[in-house]
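One chain, subunit A, links the two complexes that follow: it is found with subunit B in the first and with subunit C in the second.
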Partner chain A sequence: MEGKVFLMYAETELHAGKGMDIGVLDLPIQRERKTKFPIIQGIKGALRANIDNDKLDKEKIFGSEPGDGEETKPGTVAFSEAKILLFPVRNPERLFIWVTCPLVLIRFLRNFEKKDLIKHVESTQISDSEAVTLDNQSSVWIEDIKLNAKKSDWLLDFAEKLSIQASDIDYIKNKLKKDIVVVNDNIFSQIVETMTNVIPRVRIDREKGIVETGALWYEEYLPQDTIMYFIARETVYSDGNELNLLENALKDRVISIGGKETLGKGLVNLKVVNL
Partner chain B sequence: MNELYAVYFQPEDWLAFRENRRFNPGDSVKSVFPSPFPFYGAIRTALLKKYNVKLFYHKKPELSQELLEKIGDENNPGLIKLYGPFLYSEENGIKKHYFPAPKNIYIYEHDSNKTEYKIMQYFDTEIKFEDLQLGLAWIPEYDNVQEIGENYIELQELVNLQSEKEFVLSNPENFEIESRLGIALEKSYKKSKEGMIYTMTIYRFKNGGFFMLTDSRETVEELSKIDFVFLGSKQRWCNVKIESFPYNVFQKIQSENVAIELITPAIYENGITPKEAKFGEIRIKAVAANKKMAISGWDYTSGKPKPMHQAVSPGTVYYLDKVPENDEVITNQSLYNQFGFGRFVYIPYKPFE
Partner chain C sequence: MIEIAKKAAELVAPIRENQDIKEEYLRTIKGLGSLVIQNGLAGAILFTIKKGPKEVVEHLDQLIEIKTGVSQLSEKVKNGDIYNQKYLQIQIAALDCIKWLKRYAEILLGGDSA
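For the complex of A and B:
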């Protein structure tokens, strides 16, 4: 592959907001309009803000800063959006499990040219009442929804390879080897739309010590343990070494992405993966 | 014509092709349907990288004559000969190809509530359009006529239309136009800079993307050297694949009365038509015109916008008085025809009786 795939493991809840919205949620997260899959658009800006100048020539990698009146120069690395890979949901038997779907897996595996694995994913038919699992259980609970389980060897192959690289913590590695399920694209779209964390927030009147009138709002977060990824690629202006420099500056680091940083939100652990 | 090949550009997430105007902080810009230029630029840049040519921003690369003849420059496409772009979708390995819908289509609703897409007939009269004398593209019915809401025609439906069989128009459902918000962050604080916010519309594909056609083996050979390009605004990554195209959309049709539909933009001397409303000796009898579009681009080597032209949009239909002996009589009339401007497909029509 010609780029590097960075895995983002959410160590705290994530809020990459799309701004104010009309509806129950005042501050929803960013999503693809067609699929409702969560995304984070501003990866490049977040990385630039998280790396110190002495660690990396930021202008060379990310381009010149906008707004100084002169025309901006492009960077030497192009970044994809951050895309969802595994979404954690409550499970009464295993505390939580990670859910994904064929479309998400195909998009991810395309980056590694895993044609055989992609063919297996494409040829697996999953109905609305089914889920592909890693073990021989007869059913699986996704929050309060019970789905018929069917085991698949290709998922085992994927989980094995991913788990080795996704975390340094053995407990998480072992959990990834057994607690990933695949549902169909439509069910996954509904899961990531309805099973995010929605948190009410208030603002307190400093003098009265009570909630200010009208100061109640709802924020949406991706749960802790969500796994996303983005791809970094060298552009035509690169010298051919920028990706290695970027990897060295970022790998195994915990950085802050998205909003509500001072509330402890948005901490993600970065790993470079190659399946 | 030689065998046709399709070159598929499958974006990783989204693509944007900005309006032809300056873009400032605090601005809001729309993405437009792209002209061929961003695709030629993206391919040329990817090939330069493949040929190990070091590129510097705002500096024209020094190329050998041999390489210049292969991959061209901003005024000359070299060996690269592409027609498009068009849209495609792909689900479970099955591709559907969408071309611009001809502007001379209307919907007729039968008594049984069955709807039928029909081609406007040619009405032999004389109207003055700017300084041209033309006939009319004419809807022969007075009642039960609806305007079309679809902007595309899928390949198999185009084949049906060209064969004078029943056809339908459609809108592909594999992409959405989304609004994207961008901000600049303060250098020392992770908060947005005052006034540094912009919005732009983007094409987000669930599957598929854009494709272009070529009948040139040399183009296929050159493009086989690249696997991806950075395309459009914000350098978005696209996978590139070449496959044999299942049908020659450019072939002549078996019909006494022949019209042509532009499937790429055309820039003509007279605006909506070539000079004197003629393609060489072939007279244009009537026009069903789409809205004009602006064609320009950004010259990365000089950091300046390219000249701007008003072009005839894809979908525009010209009713002709006879069938041209060769396609060049028509394509040569458009500026930038070497970049695939002014490409067309033949469609049939009937005279009004």
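For the complex of A and C:
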């Protein structure tokens, strides 16, 4: 693969907002229009803001800052949007489990040219009432929904490889080896649309000390323990070493991404993965 | 979708004249989407049946029937009679219905209630 895949493990809730919306929530998160899968755009800006100049030649990697008034310089690395890989949901037996789907897995695995694993994913039929699991349980709960479970060895292979690289914490590694389930694409889309965290916020009138009239709004967050990824690729302006410099500057770092930073949101742990 | 929007407008318009429930209807419908996402559709419906106003549940039932063909959803939820596989699908449909009720409530009933 030409680029590097950076895994983002959410250490807190994440809010990469799409701005005002006319749906049921006032401040929803960004999503792909066609699938409703959560995404985060503007990775480049977030990374630029989180890296110190002494750690990396930022202008070389990201290009010149906009609005300098001088001739602009292009960056040597291009960044994809962040895409969802594993979405955590409440589970009565295991506290929470991670859910994903074939489309998400195939998109992710294509970055590593894992053709055999992709074939296994493609050939696995999953109905609306089923989920592929890592053990021999007969059913699995996804919040209020009970699905029939069926074990697959390819998922075990995937979970083993991912868990080693996704976290430094043994507890999380072990949980990733046991608690990933795969549902079909439609069910996954419905899960990521209806099982996010929603927080009501109010604005207090400073003089009266009570909520201002009309100052109630609802914000949507991706839950803590969500796992996303983005891809960094060298551009034609690259000398061929910038990705390594970027990896050294970013790997194992906790950075802030998205909004509501001062409310303690948006912290993600970065790892470079190679399956 | 246009049928849902039209029906939502028809259902919300008379609430404008009902001073007893106007504020409560608006407040409930504004928070209902959040309630569904945080607690699931069944929990949100049962809570709203208990808390009222009853018009919110009645309106939601009518829109969900148009969108999914499932009639009297709130009765089915009350009786524990909801189909497992269809639950998520109905939940998505319900969110779309709530979106239209909320839009018309904000326009027709004032939109400033906290």
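Details
Everything below uses one rule, namely that the second predicted complex is superposed on the first by the 272 of 275 C-alpha atoms of A that agree within 3 Å, B and C clash if a C-alpha of one lies under 4 Å from a C-alpha of the other, contacts with A are read in each partner's own complex, and residues count from 1 in each chain.
FYI, a residue touches a chain if its C-beta (ideal position, glycine included) is under 8 Å from a C-beta of that chain, and two chains touch if they have at least 3 such contacts.
This one's a predicted model, so the numbers in the text were calculated from it and none came from an experiment.
Contact with subunit B, but none with subunit C, is seen for A:74 once the two complexes are overlaid on the shared chain. When both complexes are overlaid on chain A, the residue A:235 reaches subunit B alone and has no touch with subunit C. Look at A:94: by the touch rule set out above, it reaches neither subunit B nor subunit C. Contact with subunit B, but none with subunit C, is seen for A:122 once the two complexes are overlaid on the shared chain.
Within the superposed three-chain model, A:193 lies in touch with subunit C and out of touch with subunit B [touch as defined at top]. In the superposition on chain A, contact of A:33 is made with subunit B only, not with subunit C.
In the superposed pair of complexes, A:55 makes contact with neither subunit B nor subunit C. Look at A:146: by the touch rule set out above, it reaches subunit C but stays clear of subunit B. Across the complex, subunit A meets subunit B through its residues 2-3, 18-19, 32-35, 39, 41-42, 45, 48-49, 65-67, 71, 73-74, 78, 80-81, 83, 103, 110, 122, 231, 233, 235-237, 256, 261.
For subunit C in complex with subunit A, the residues that touch the partner chain are 30-34, 36-38, 40, 42-43, 84-85, 87-89, 91-92, 95, 98-99, 102-103, 111-114. The residues of subunit B lying in touch with subunit A in their complex are 12-14, 25, 45-46, 48-49, 55-57, 92-93, 175-176, 178, 180-185, 187, 190, 193, 196, 204, 206, 227-228, 230, 235-237, 239, 303. Remark: subunit A residues 22-25, 128-129, 143-146, 187, 190-191, 193-198, 200, 202, 211-216, 218, 220 touch subunit C in the complex.
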